[in-house]
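In the two complexes below, chain A is the common chain; its partner is chain B in one and chain C in the other.
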Partner chain A sequence: MIQLILILAFGALCLSSLYFLARRTPRAEGGSGPLVEARQALQALRSGLLPPELIARIFARADLEYVLSEVPENVRPLFMEERKKIALSWVNQVRRQILLLRRFYLGSARSYARLSFRTEIALALDFAALLFACRALQVALYVRGPFAVPGMVETTAAVAARVCKVYEESLAFLSPAQLGALADRSAGAARL
Partner chain B sequence: MNSMPRRMDVQQAAEDLRRRTLSEIPRSLDRLIYLASMRDYNTGLYYHDGLASRFTQEVACEALADCHREAFRDLVGSPLRGLVCQMEGYMDSTHTSPGEFLTAWKKLEPYRVAVPVETDPLSAEFLFSSFKIALAILEARLRPAPAAPDA
Partner chain C sequence: MLTLAIWWACIVAEALVVFRAFPGNLLRRYPFFYTYATSVLICDVLLFAMYELSPASYATWCWRAEFLNILLGCGIILEIFKHVLSPYPGAERIARFAGLTLFAAIFCFGVFYPMVPGALNVQFAIGQLERYVALERNLLVAQAILFFAVLAIISYYRTVMGKNAKGMILGYGIWLGASVMTLALRFYIGRRFTHAWNVIQPLAYFTSLVIWAVSLWSYEPSPAFDAPAPLEMDHEAVVATTRSAMEAMRSHISKVASA
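On to the complex of A and B.
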C-alpha cells in the first residue's frame, strides 16, 4: 500500500512538472527584456563595479595607513564608517547584478546564448560560488570592516569578472557587427 | 550641421582644451569644478565660446564632456592624502576663510553637482564619501578637538 502511494505521488509529481513545463510562457524564449536586462547587468559589472582601479581605491590600505598615522583621531570613526558603507554598497550591487545575470541564465539563456554543456556547468558552479562569496563578504565587511578581508574581495571580484567574460563570449554573436555579418550571409544565401 | 561630431575632431578639440586651458589648472579638483561650470544645468550641454569658434559647438561640447570625465576619473583614482591636499589647495585659492569654506561645503555639498552625467553611481558615491572625509580632516586640523580633562 505504501509503495502504491509512493508510486502515485511520484507519478503526480512527474505529471505536474510536465504540465508546468508545457505551460511555460514564451516570454522567456521570445522576449528581448531578459536579454536587455542581462546586457545592462553585464555593463554595470564591467564598467561600474569591477574595474580593478575602483576596487583598489575602495579597499586601499594606503588610505587607512594615512588616516591612522596623520589624521586627527576624531576623524577615524567617520573614515571607517564611510569606507564600510561604500564597501557594503559595492558588494550589494555586485550581488544584485549577479542575481540578474543568473535569472537570465536560468530563464532564457538557452534561447540566445550558445552555451555548451560544460560552459553551463561551469557557469552554474561560478554562480553558486559567487553568491556564496558575496554573502560571506557582506558578513565579513559588516563584522570586521573594509580592510580586514582583502583576499575575499580579490576572489569575489575575480570570480565575478570570470562570469562576465563567459557571458560576454556566449552573447557575443548578438553584437551589432556580428548581427550585420549574419544578415549579409543570409542575404547572400537568398540570392543563390 | 552634422549633429554627431566626428571622434577625431572631438579628440583634437579636447587636446586643444588641455593645451590652452586645462594645463593652467594643475589640480583635478579645480578642473572638475571648472568643467562643471561650463555645463548648462538645464540641458546638460557644455559651452565654451573659444573652443566652439575653433571647432563647432557640438565638437566643443563633446570635448568638454570628455575632459570633465577625465578630471572625474583622476579624482576618483586619487588617494585620500592627495584629495585632502587638493581640497586644501582649492580652499586657499578661493580666498574665503577656511571656516566659512568648510561650513559651506559641508552644508551645500557643491561637489554633488560637479560630476559628469552618466557617471556610474558607485564611483560618484565613493568620491562624495571621500570629499566628506577630506572635509572632516581639514576641519579637524582647523579646529582641533578639545583635550579630555584630566581626571
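On to the complex of A and C.
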C-alpha cells in the first residue's frame, strides 16, 4: 500500500510539474537582462526598502503607543490594518528583490561549465532558507500584526542588507552609464 | 470496442507524427525521438495485425514491443540534453551528474534489493502477467525519476526551450506519469482494474501523440541563447560572494529562529 501511495504521489508530482512547465513563458533570457535586473534589485533594496529609518518608521512602536493613548478607539483597527498592509507589502518587495538576485546568480551559474554539484545544492538550500524566512515573516506579520515581531524584522532586514552589500561589491564595475546602456540593450532584445 | 477505436486513433496519430517529420527534415534533427516514434508506429501496426490474425501470440509480442519502446523512450531524455541543456554548460553538467547518480542508485537498488531476504517472495507468488506489469512499472518509475530530475534542473535554471522540445517533454511526461500511476494501480488492484487500465493508458498515450503532432508540425528550435554580458569577475567570484552572504544569512536566520 505504501509503495502504491508513493508511486501515485510521484506520478502526480510529475504531471503537476508538467503543468507548470507548460505555463512557463518562452522568454529568451541571458545577455545583460539579469545583470541589469540584479543591479536594479540591489538599488531598490539599498535605497528603497532597507534603510534603517524606513524600517524603523514602518514598525515604529511609538506610533502604536501614540495611537493607543491619543486616538479614538474606532480609529485604532484602521491604523493597525493599514500598518499591517504596509509591513506585508515591504516584506513582499524584499522577497521579490531577493528572487531577482537569485535569478542573476542562476543566470551566471547555468553557463559556467565547471559548476560544482555540492556548491549548487548548498546555495539552492541557502536561497530557499532565506526565501522561507521572508515567508515566515509574512505569516507572522499577518497573524500577529506589524508590532509583534520587531526582532524578526530587524534580523531579516540586517540579513538582506548584508546580502546587498556583498552583491553590490560584485556588481560595482557596472556604472550608472553602463547600466543605462545595458538596460536599453535588453529592452531592445525583449522587443525583438 | 472503445479500446480498438483508441488503438486506431493512436496508429493514425503516430503515422501523422512520423510523416510530418519529412517536410521539415526533423528526422535528422531529432534522431532519437523519431527512432522511438517510428518504432512505436511499426510495433502498433504489426501488433494490430497480430491481434486480428493470431491473438494467441499477441500477448507475448505485445510485452516485448512494450519493453523495446520503453528502452527507446530514453532517447527523448537524450534529445532534451541535446536541445535544451547543451547551450547551458553549467545546467547540463548538473543534469549529467544528477542523471548518473540516479542511474547508479537505481542500478544498485536493482542489484542489491533481491538479496534482501523475502524481497522476491511476492514476485514469485504472482502470475506472469502481474510480473510483466511489475517489471514495466519498475522500469517506468526509474525512467520517470530521471525525467523528473532533468525537468527540475530545467525549471531551476530557467533554461529556454523551443516549441519542439517543449512538446516532446510535455507529451512524454504525460504518458510517463499516467503510465506509472495506472500500472501501480493495476498491480495493486489486480484484474478488476484491467478494463480501466486498457482505456486510461491508451488515452494518455493518444493525448501525448496529439501534443507531439502539434508541437512537431514544423521545425522550431530553442531560441538562441544570448551569451552573458562580459563580467569583470568570473563565476567562481560570484559563488564565493554568494556563499559568504549565505553564511552570514544562515547565522542570522538561526538567531531569528531562536528569538
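By definition in this document, the second predicted complex is superposed on the first by the 121 of 192 C-alpha atoms of A that agree within 3 Å, B and C clash if a C-alpha of one lies under 4 Å from a C-alpha of the other, contacts with A are read in each partner's own complex, and residues count from 1 in each chain.
Here is the rule we use: a residue touches a chain if its C-beta (ideal position, glycine included) is under 8 Å from a C-beta of that chain, and two chains touch if they have at least 3 such contacts.
All figures in this text were calculated on a predicted structure; none of them were measured in a lab.
Student: Quick one: chain B or chain C, who's touching more of chain A?
Tutor: Result: the larger residue contact count on chain A belongs to C.
Student: Which holds for A:L141: it touches chain B only (first), chain C only (second), both, or neither?
Tutor: neither
Student: Is A:L15 in contact with chain B, with chain C, with both, or with neither (first, second, both, neither)?
Tutor: Once the two structures are laid over each other on A, A:L15 reaches chain C alone.
Student: For A:K85, using the defined touch cut-off, is the partner it touches chain B, chain C, both, or neither? Pick first, second, both or neither.
Tutor: Touch partner of A:K85: chain B, not chain C.
Student: A:Y66 in the overlay: touching chain B, chain C, both, or neither? Say first, second, both or neither.
Tutor: In the superposed model, A:Y66 contacts chain B only, not chain C.
Student: With both complexes overlaid on chain A, does A:N74 touch chain B (first), chain C (second), both or neither?
Tutor: A:N74 contacts chain B only, not chain C.
Student: Let me test your reading of the model: by the given contact rule, A:L100 touches which partner, first (chain B), second (chain C), both or neither?
Tutor: A:L100 sits against neither chain B nor chain C.
Student: Of the two partner chains, chain B (first) and chain C (second), which one does A:A133 touch, if any: first, second, both, or neither?
Tutor: In the superposition, A:A133 contacts chain C only.
Student: Same chain A residues contacting chain B and chain C, which ones?
Tutor: none
Student: Quick one: in the complex, what on chain A touches chain B?
Tutor: Where chain A meets chain B, its residues are 44, 47-49, 53-54, 57-58, 60, 62-63, 66-67, 70-75, 78-79, 82-83, 85-86, 89-90, 93.
Student: Within the complex, which stretch of chain B touches chain A?
Tutor: Interface residues on chain B, with respect to chain A: 76-77, 79-81, 120-123, 125-126, 129-130, 132-133, 136-137, 140-141, 144-145.
Student: Along chain A, where are the residues that touch chain C in the complex?
Tutor: 1, 3-4, 7-8, 10-15, 17-18, 20-22, 24, 26-32, 34-35, 103, 105-117, 119-120, 122-124, 126-127, 129-130, 133, 136, 151-152, 155-156, 158-159, 162-163, 166-167, 169-170, 173, 182, 189
Student: Any idea which chain C residues touch chain A in the complex?
Tutor: Residues 88-91, 93-94, 97-98, 137, 141, 144-145, 147-148, 151-152, 154-163, 166, 169-170, 173-174, 176-178, 180-181, 184-185, 187-188, 223-229, 231-233, 235, 237-239, 241-246, 248-250, 252-253, 255-256, 259 of chain C touch chain A in their complex.
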